[in-house]
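In structure tokens below, several structures.
Here come two complexes built around chain A, the first alongside chain B, the second alongside chain C.
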Partner chain A sequence: MKKIVENIKTRFKVSDVIHQRENMTFVTTGKESAIPLITWLRDYEGFSHFILLSTVDWNEDGFFQLTYLLNNPVKKVDLGIRTFILRKNAEMTSAHHLWEQVATYQREIKEMFGINFPGSPRVDESFLLEGWDDVPPMRREFDTKEYSEKTFFPRPGRESNDPATYMKSKLYPNEEK
Partner chain B sequence: MGADGKLDVDLDSQKYIKVWQGPNHPGVTGNMSLELTISGDEVVDAKTHVGYLHRGFEKLFERRKYIQCFPTCIRMCVPEADSNEYCLATGTEELGGIEIPDMAKWLRMLALEMARLQALLRIVPGQGGTMGLGIGVQWGLYVRELILDRFEELTGGRIYHMYILPGGVRGLLPDGFAARMEDNLKKADQFVKDIQDLMYNNAVFKKRTNGIGYIDPSWVDSFGIVGPVARAAGVKRDVRLDYPYLHYDKLEFDYNIETGSDIYARSMVRLKDLKTTIDLIRQILAKMPDKGDIKASTPNVLHWKIPKGETYVKSESSRGEYGFYMVADGSEFPRRINLRGPSYTHAVPLLEKLLINANISDVSSIMVSLGTCPPEIER
Partner chain C sequence: MVNKENEKDKFLAPENKVHIVIGPEGEEITVDPLKDYFCEAFPKVHEPKNRIVENFINWARAESLWVLGFGTGCGSIEIPPLLSPRYDAFRFGVAMRATPRQSSVIIISGYLSVKTLKRVIRSYEQMQNPKFVVALGSCTINGGMYWDSYNTINRLDHYMPVDVYVAGCMPRPEALLAGFESLKKRIKEGRAEGANEYATNFKWYKANQKKIIKDWNMPDYNW
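Right, the complex of A and B next:
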């Protein structure tokens, strides 16, 4: 795995290399070089299996983290390519041309995080939610509890408990608060 | 054909009709809709519509402590809940720096194989069920109930077990468990013989599965195909063998491969998987120690702050690679937990492609042969 990372470093600017396990490594690269890097990894380093595309919302820092997880089925190693994009201008180059399933991930991310992938097939079609007109629901600022209270009528006689406090009082009744 | 190479469908021409299959599901999959455009009895366009089982699990995880995520995560794929428990526990342990005891690894492996067995006892005959061959499903569900009895004995639950938790497992095997399991496995052996006679040697089943839903082996990488669907295309993919976890490297088994890459080949791979799983449970019960620690020491789970980091952990479910991408930000709450289930690729882009030019009566068979499980798409 270290050799693959060394090869990457000769061609692309990467940072924050973390060898999480013997067969699992994460690297960070810039927004502009992310798609060229994963293209090169697919074509020249044997990372032919695309595992997933995931998004992490670092709202306090003003960034979205996009993680492209790739797998090399011959060398049996996984590689996570991280890149960060501004929340204010949430747009990323599409990778739908590299693997067929990427368009589905991008379509879901557009709906759930509001990140656009111009040119990605059916990216504007709703994936899970129909007629959603609120903040993209997987963004950190979207409050599910507040949304539920605002949208649905409360049922009379229903008692709500904070899960953490309730569980603590049940499991550790003698522990100090 | 339009300029974009896609079929121009003029519904007013009366050559085409739109048919919605679902969201009631055709047997053993789960609720999702297929928007089919039909010409005669041939599908000319297909779009999947998911969202009927969306419960916002991944959003809920961000507001819950790691231990509170367990009762939620198991619902991300009902037929095989234990893979969720395993991945969430393993990811939490890896990020939290916990090493589990040897005995816990054996017991986790036993739970995962029992989960695979009960899942295969549904889906193997379920393939015939899509063609009206319902009796095999009844036979399979009978044996599955026996395995669920063992689960109830081991964990207290039948479908959702909550047996695998951070640090290890919840309990040792009850007295006499192995003997009762052996009785059940003999019934499973008999089921394997019976279902071969009933389904695999059935002329109608063969005619309706051979050459139907063909997947070119080159699509395995381009569509992210995993598990039995990849193995039926002749491609060796099994997380247990490729990336041995727990004590799978101490068990003797091999890839179950077919080359037909159609519904029949996928059914045959699953039947072989069923035989392998029965054998693996016997191997595990024979090789595992009688006693040992089952849980490592962990911090108080209600105050456990997991150090900043990220990982991807995976296991082989009955449907293929099943993984959790987990990100911790140093707090008591996960920053992000993202499930990668086989259905995400199998039941959306791949299914949409396979349905083109399929006969409408084969739609549900193709859908089941891909191991479709919509909750893991929607999370």
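Right, the complex of A and C next:
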């Protein structure tokens, strides 16, 4: 694993190398070099299996973090490539030309986080939320409770009494505290 | 005329737009699927006429419940064991059916996302009268553990009339059998008038449905 990371370091600018486990490592790279790095890993380092693409919303810092998790089936190691993109007008280079299934992840991320992937097939079609017209729901500024109460006719809850106060008012109504 | 886009049918599915079909002899036929393929008439109330005859029919209805094989949420896992030898719902006159046109009971088995609700409404409206709704799990009552989710509904009875609620998260197959028993009791007493209720309050139900299904691209009544 360390040898692979050294190999990467000779060609690409990476930082924050985290050896999570013996067979799992995460590296962070810039937005521009992420897709070239993944392409190189797939073609020359044997990371032929794409596991997943996930997103984290760092709302306070103004970034989205994308993680591309790759697997090398021969050496049985996982490598995660992290990259940070700006939250404002979020856009990322599409990777659907490397693995077909990336397009589905990108379509979902477009819907849930509002990150655009220009050129990705069917990226503008709705995935789970048909006809959604609000803030993308996985963004941190989206208040799901408020939206639910506004939209889905919440059932009014039961009235509940604190037993201590209730019994006191029943038994000793004239007593203070 | 062909594929005329306006504000109203912005979400209309491509197959539901007005289009031209070439007939067997080469003639051109203009088809408006919403008018030609679906019945435009809204549901009507069918009042029970003769009490004695109605009681007999209700007894027959109650003893032969045909359940639509439609699973949503966690409860779709609870239904297959119901038909296995261990619980054996056939003893109670409950059988599954694959199509809404031939079934009389729909089980809403758990949480309903907005996307699924659209399909549920479509299936429910295609079922023939009389039809009964069994709501399974707490998600259908008040949203359950998904009460604050942006994508699951909270109260099923705002979108379709519910006959029997089976509470629990998730109720076991025994609870569902008990639910069927109480549904039978309800039918025999003549209180399971969900289809008539739906027809009476059709506008209210439709307004609620359209409030949350924003890309409404089907006819108002899918018969």
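In the analysis below, the second predicted complex is superposed on the first by the 155 of 177 C-alpha atoms of A that agree within 3 Å, B and C clash if a C-alpha of one lies under 4 Å from a C-alpha of the other, contacts with A are read in each partner's own complex, and residues count from 1 in each chain.
The criterion applied here is as follows: a residue touches a chain if its C-beta (ideal position, glycine included) is under 8 Å from a C-beta of that chain, and two chains touch if they have at least 3 such contacts.
Bear in mind that the values here come from a model prediction, so they are computed numbers and not experimental data.
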(Q) Contacts for A:162 in the overlay, against chain B (first) and chain C (second): which applies, first, second, both or neither? (A) neither
Q: Mind working out whether A:78 is in touch with chain B, chain C, both or neither, as first, second, both or neither?
A: first
Q) Just chain B (first), just chain C (second), both, or neither: which does A:152 touch? A) second
(Q) If we overlay the two complexes on their shared chain A, which of chain B and chain C does A:128 touch? Say first, second, both or neither. (A) both
Q: Check whether A:171 is in contact with chain B, with chain C, with both or with neither, and answer first, second, both or neither.
A: first
**Q.** More chain A residues in contact - chain B or chain C
**A.** B
(Q) Just checking: does A:144 make contact with chain B only, chain C only, both, or neither of them? Give me first, second, both or neither. (A) both
(Q) Tell me the contact category for A:16 with respect to chain B and chain C: first, second, both or neither. (A) neither
Q: Mind sorting out which residues of chain A both chain B and chain C touch, each in its own complex?
A: 126, 128-130, 137, 142, 144
Q | chain A residues within the chain B interface of the complex | A | 18, 20-21, 23-24, 26, 48-52, 54-57, 65, 67, 69, 73, 76, 78, 80, 99-101, 103-105, 126-130, 137-138, 140, 142, 144, 163-164, 167-168, 171-172
Q) For chain B, which residues are in contact with chain A within the complex? A) 50-51, 54, 56, 58-60, 62-65, 68, 94, 219, 221-224, 237, 242-243, 300, 302, 309-312, 321, 323, 325, 327, 335-336, 338, 340, 344-345, 348-350, 353, 378
Q.
Under the definition above, what is the set of chain A residues touching chain C in their complex?
A. 126, 128-133, 137, 142, 144-145, 147-149, 151-155
Q.
With touch defined as at the start, can you tell me which chain C residues reach chain A in the complex?
A. 11, 113-115, 118, 141-143, 147-155, 158, 208, 211-215
